[in-house]
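See the structures that follow.
Common to both upcoming complexes is chain A, partnered first by chain B, then by chain C.
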Partner chain A sequence: MQDSGYPVATLAEATHRADLVIYWACNPIHAHPRHMTRYPVFPRGFFRERGRKDRTLIVVDPRKTDTAKIADIHLQIEQHKDYELISALRAALNGLTIEADKVAGIPTEVIYQVVDTCKSAQYGALFFGMGITMTRGKHRNIDNAIRLVIDLNRYTKFILTPMRGHYNVNGFNQVASWITGYSYAIDFSRGYPVYNPGETSTINLLKRGEVDAMLNIAADAGAHFPQKAIEHIAKIPLICIEPHKTPTTELANIILPPALAGIECDGIAYRMDGVPIELKKIIEPPEGVLPDREIIERLIKKVKEYL
Partner chain B sequence: MELIIKNGIVFDPANGIDGEKMDICVKDGKIVESVSDNAKVIDASNCVVMPGGVDPHSHIAGPKVNTGRIMRPEDSLMEIYKKKGQFKSGTGFSIPSTYKTGYQYSELGYTFCVEAAMPPLKAKHVHEEFVNTPQIEKTAMPLFGNNWFVFNYIIEKDFKALAAYVAWVLKVSRGYAIKIVNPGGTEAWGWGMNVHSLDDPVPGFDITPREIIRGLAKVNEMLGLPHSIHVHPNNLGHPGNWETTLETMDCVKEIKPAPRVGNRETVYHNTHVQFHSYGGTSWKDFEAKGVEIAEYVNKNKHVTIDVGQITLDETTTMTADGPMEFDLYMTTRLKWANCDVEVETGSGVVPFIYSPKGPVYSLQWAIGLEIFLYTKAMDRIMLTTDHPNAGPFTRYPRVIAWLMSKKYRDEWLYNKVHKWAHQRSRIGDSDREYTLYEIAQVTRTNAAKVFGLTEKGHLGVGADADIAIYEIDPEEKDGKKIEKAFRYVKYTIKRGEILVKDGELVNEKYYETWYVDVKVGEELYNEVLNDIRSKWPKLYSVSFENYPVSDKLANSWKVVKIDATDIN
Partner chain C sequence: MTKIIRNVVCPFCGCLCDDIEVIVKDNHVIGTRNACRIGHAKFVHFEGAIRFTEPLIREDKRDEFKKVDWDTAIEESARILVEAYKPLLYGWSSSETHAQFKGIELAELLGAVIDNTATV
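And then the complex of A and B:
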């Protein structure tokens, strides 16, 4: 995104307009079970009155997933070859000749067909998942995919949307950006925000052993971070603000269980497409259990007393 | 708490005060006739005193702005505020983080700011950022020009229903005025298309931009909103667009202003008109039409404009004009963000480098100044840079210097920018230099009036004590000195409290977010609400109940209540 941009749309745009939907390296039937039924595939839209029948569904996945099974076209790509396939699609789109018979396991003629399908669509929506962002090439795959979507906009309308998970990660990125100018990996130690992923990102700091205490809020580092980072977490004091028992809380010295937003307290979460949703409080939290916000406010107050 | 500002040279155009040496008295956050002997004295000798600045159009908060921040870490590196005592750190030159935005506005002596474009579906995001924006009062204009409900009510010619719908959106999104951006064009961009004239049909709907603008202008006056419709016409940034601009201004000419709050006398605000004053047919024969636009404004009293002056910086462009941003991207190939918002609008964000060496950019710069220099209707023109589109708001002081000093302007014109600027525009012919009275008009008085902010933009008794004091000789002609004086105020006082002293922040305060709550006839309102509610589930990806912005999303609200129950 920082290299190429971010051509996106809110979720119902695809519902109303998309006649071509591509899921790339994600399996929404299992990972985002309501995505297809609520937004871009099955529902009837303002300009797509017949719902699913009005749309072509392409799935790019090395496995024959349940999502791939209901696709009109399944591109069974070889693992770790996303970058190659995106490049081939871009080459075909930009009028270059692909000399190989196959790219990333996909026959060249199919690549040309897919490009034709994309160009002749009135509105294309590409959704991508962790299968592309966390395999070989990582963020460079997305960089290339963004360029593909941008190239396609010279012919028709095309957007992309990351299939973000983990609830409100986007909310953190948004708030961090308006407060500091950066969306993550922010180092405040110089008295102003510094951002240099690879240097100031959590995993790298932990791996280098530069961190001597950790406050973990709603993240599950224990389940998702590399072993070397976790080894360092085990050595240092860890405070978790976390309502559940997780691999991370197993390592914690102190656990502060907060009220659950949307159940025991209110709040705002940012959806994967950036739409903010207000969460309501339905029941009282157990006695003495505070919302995250209040826990943090109290911590800040205490810290200020020591300064 | 009492204050007396002594011996300043006061410029207060709303009250006809043109550089008189006088004292200004403040009590409990308001301007008063006199104060007791206990009042704190501020010595303003050799200083100029003006009302706090009012920015009528600036993109400071919300989804687009934040997308710009996320997409452009390189912009953050260009300007950094370090943490200092109670003041928070921040980054960003063209898209500063929220605290820095507030701090910098108060360093310029500005105390009120209008966020230029708010998608109602993402209004919560705008208001969340407002909560973290100190030092200024703020308000936002929801986007209506590509909204499907608006289209349908206009197609059905049901203007009462449209009025009720607009009233409802203003209330639930907590917005202030009707913003129209590339009417019909952003909807067309939903299909990768655009509209190019006032009478082009909008794909998928039986409507034209002319009908959208006229319909909303009519409803604006039925509701009696404090501000007129706020329009970014079709064809922004395209050579030859000046004719579309004049046609758009002209299409609402016979509509009569009828504000129920404030004393606005106009029905149409053309924002960043510099981007809409282009002649020629391509970038090769591109030419200035700023003078023609200025002459139209001089003659036609229903129009106000803000300029959107190019400052020739590296900046970040952002607008709800989705197709324009894609065209812009195609010229730079740097990076392109876009977000189409269901049912309502779209947007694009593209970084842009306006190099003084570029012929087109230099001429754009000259066109903005042409509009400033040839406009004689000084009560209907405002200074903006369409922050951050034509340049960041922190460049207002430089724009002021270009306007006040012919010498400084010519130094840029003949030494710094490309020769197209003097060859293809008429700014070299103008000897005009703005007076401080005129600077006060374009930076505070006019904006306060056209937004119906009766207690802002002037220093009469009863006004809010929002005051800027600049250390400058009224006869100063040295561009650099003018720029410095307006960049860092001697004092910014808001509601009687000193926020900035000698260019340094001394106080961090949080103020109200403004919105308009118009009451239309109850029966009509319920009827329209039922209509909206019945169509809602098929249109939106959020529930009807989740759409409104809740009370919690402001430090405090300032509600402008309007009784329009005669619409029923």
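And then the complex of A and C:
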């Protein structure tokens, strides 16, 4: 993402304009249940009066997911072959001949067909799930997908949006980018921000045992990380800012209970397309919990005293 | 007394649907409209989830947690982070943006690594 930037649009724009929608490595029916019904697939748009009928839906997924089942084209890609398929699409797009019969399990003629479909679309929208970064190639897959979208923009309008899981993943990436220049995995140990995924990213740091204390906030490291990373978490002091009991809090030395943003306190979150939205407070939090921001503020105050 | 709060934003997934109606009775969410299954579950306190309502602390990870007051919990947490050679501040994806902003300030102060769930 950092190497090439990326062309975005709001979800509303995609809904009004897109006549081609691609979901790559994501299964919105389960992970973002209202994505297709509120945004770019089913609703009528200003230029897409017939809704779903005016749009072609392509799903790229190794499994026959519920989303794949309703697609017009399902590219049942081989696991871990995202990079290869993106490269093949780019090759076909750039007029190169693909000599293999199949790439990533997809017959070459289908690849050419898909490229034609993309080129002849008036407005294409590519949504990719974070699944794409979990396969071989990691963040390079995204770089390649971005280049694909850039290539496609020579023929037609094409945009790209990551399907964010947690409601405010994007918020962190946005804030971190405008403060430090990098969107995640930022190492301040040299006094200035350093970013190098693989070196400064959480799982690698934990696996190599390079960090000696951890603060876990608003995510469940204990449930999602590889065994080796969790083993290291078990060895170092762990502070959790977490409202509920989770696999991560089981490993904690200190638990600081927060109020739930968007329910028990207000705040701001960035939607997956980068639109900041104000969260509401709808009920009072239980006595004795504090909003995340207040907990961090109090930590900052104390840390300044100790430094 | 039951009241309905309209145009609530769902704080669960990156769609941030902003058309949720939440039905509140005596400071409890008893129902939602328009939210999907997983969004609904975030609003209504789900069965079996154990909520922490006060800071807890333990020296050894095999011990039971002890309740402490906020001042002690914050002091102890700050001490751990300051004494660490290279602390890691991980998560942030389900917290709101002001907290994330402050988090980066904290990381800079500590010379820490800060990372969120986008990490690979």
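What to note about this one:
By definition in this document, the second predicted complex is superposed on the first by the 307 of 307 C-alpha atoms of A that agree within 3 Å, B and C clash if a C-alpha of one lies under 4 Å from a C-alpha of the other, contacts with A are read in each partner's own complex, and residues count from 1 in each chain.
By definition in this document, a residue touches a chain if its C-beta (ideal position, glycine included) is under 8 Å from a C-beta of that chain, and two chains touch if they have at least 3 such contacts.
The structure presented is a predicted model; accordingly, all values stated were derived computationally and were not measured.
In this overlay on chain A, chain B fits alongside chain C without clashing.
In the superposed model, A:S183 makes contact with both chain B and chain C. When the two complexes are overlaid on their common chain A, residue A:T156 makes contact with chain B while staying clear of chain C. When both complexes are overlaid on chain A, the residue A:V8 reaches chain B alone and has no touch with chain C.
In the superposition on chain A, A:I70 contacts neither chain B nor chain C. Here the vertex is the CA centre of chain A, and the angle it makes with the centres of chain B and chain C is 90 degrees, a multiple of 10. Of the two partner chains placed around the shared chain by superposition, chain C is the only one that A:R34 touches, whereas chain B remains out of contact. Shared-chain residue A:N173: touches chain B and chain C both. Of the two partner chains placed by superposition, only chain C is touched by A:K138; chain B is not.
The partner of chain A that touches more of its residues, comparing chain B with chain C, is C.
When both complexes are overlaid on chain A, the residue A:A91 reaches neither chain B nor chain C. In this overlay, which is a superposition and not a single complex, chain B and chain C have their closest Cα atoms 6 Å apart. Counting contacts by the rule stated earlier, residues 11, 38-39, 173-175, 179-180, 183, 188, 191, 266, 268, 270, 276-278 of chain A appear in both its interface with chain B and its interface with chain C.
For chain A in complex with chain B, the residues that touch the partner chain are 1-13, 15-17, 38-39, 44, 46-47, 122-123, 150, 153-159, 173-175, 177-183, 188, 191-193, 195, 266, 268, 270, 273-278.
Listing the residues of chain B that touch chain A in their complex gives 61, 63, 65-67, 69-73, 75-76, 80-83, 88-92, 95-99, 121-122, 124-125, 128-129, 132, 148, 189-192, 204, 326, 329-330, 335-343, 346, 349-350, 538-542, 546, 550, 552.
Residues 11, 31-35, 38-39, 130, 133-134, 138-139, 163-176, 179-180, 183-191, 197, 200-203, 205-206, 210-219, 221, 234, 237-239, 241-245, 249, 251-258, 260-263, 265-272, 276-280, 282-284, 286-293, 295-300, 302-307 of chain A are the ones touching chain C in the complex. Chain C makes touch with chain A in their complex at residues 5, 8-18, 22, 24, 27-29, 36-39, 42-43, 49-59, 61, 65, 70, 73-120.
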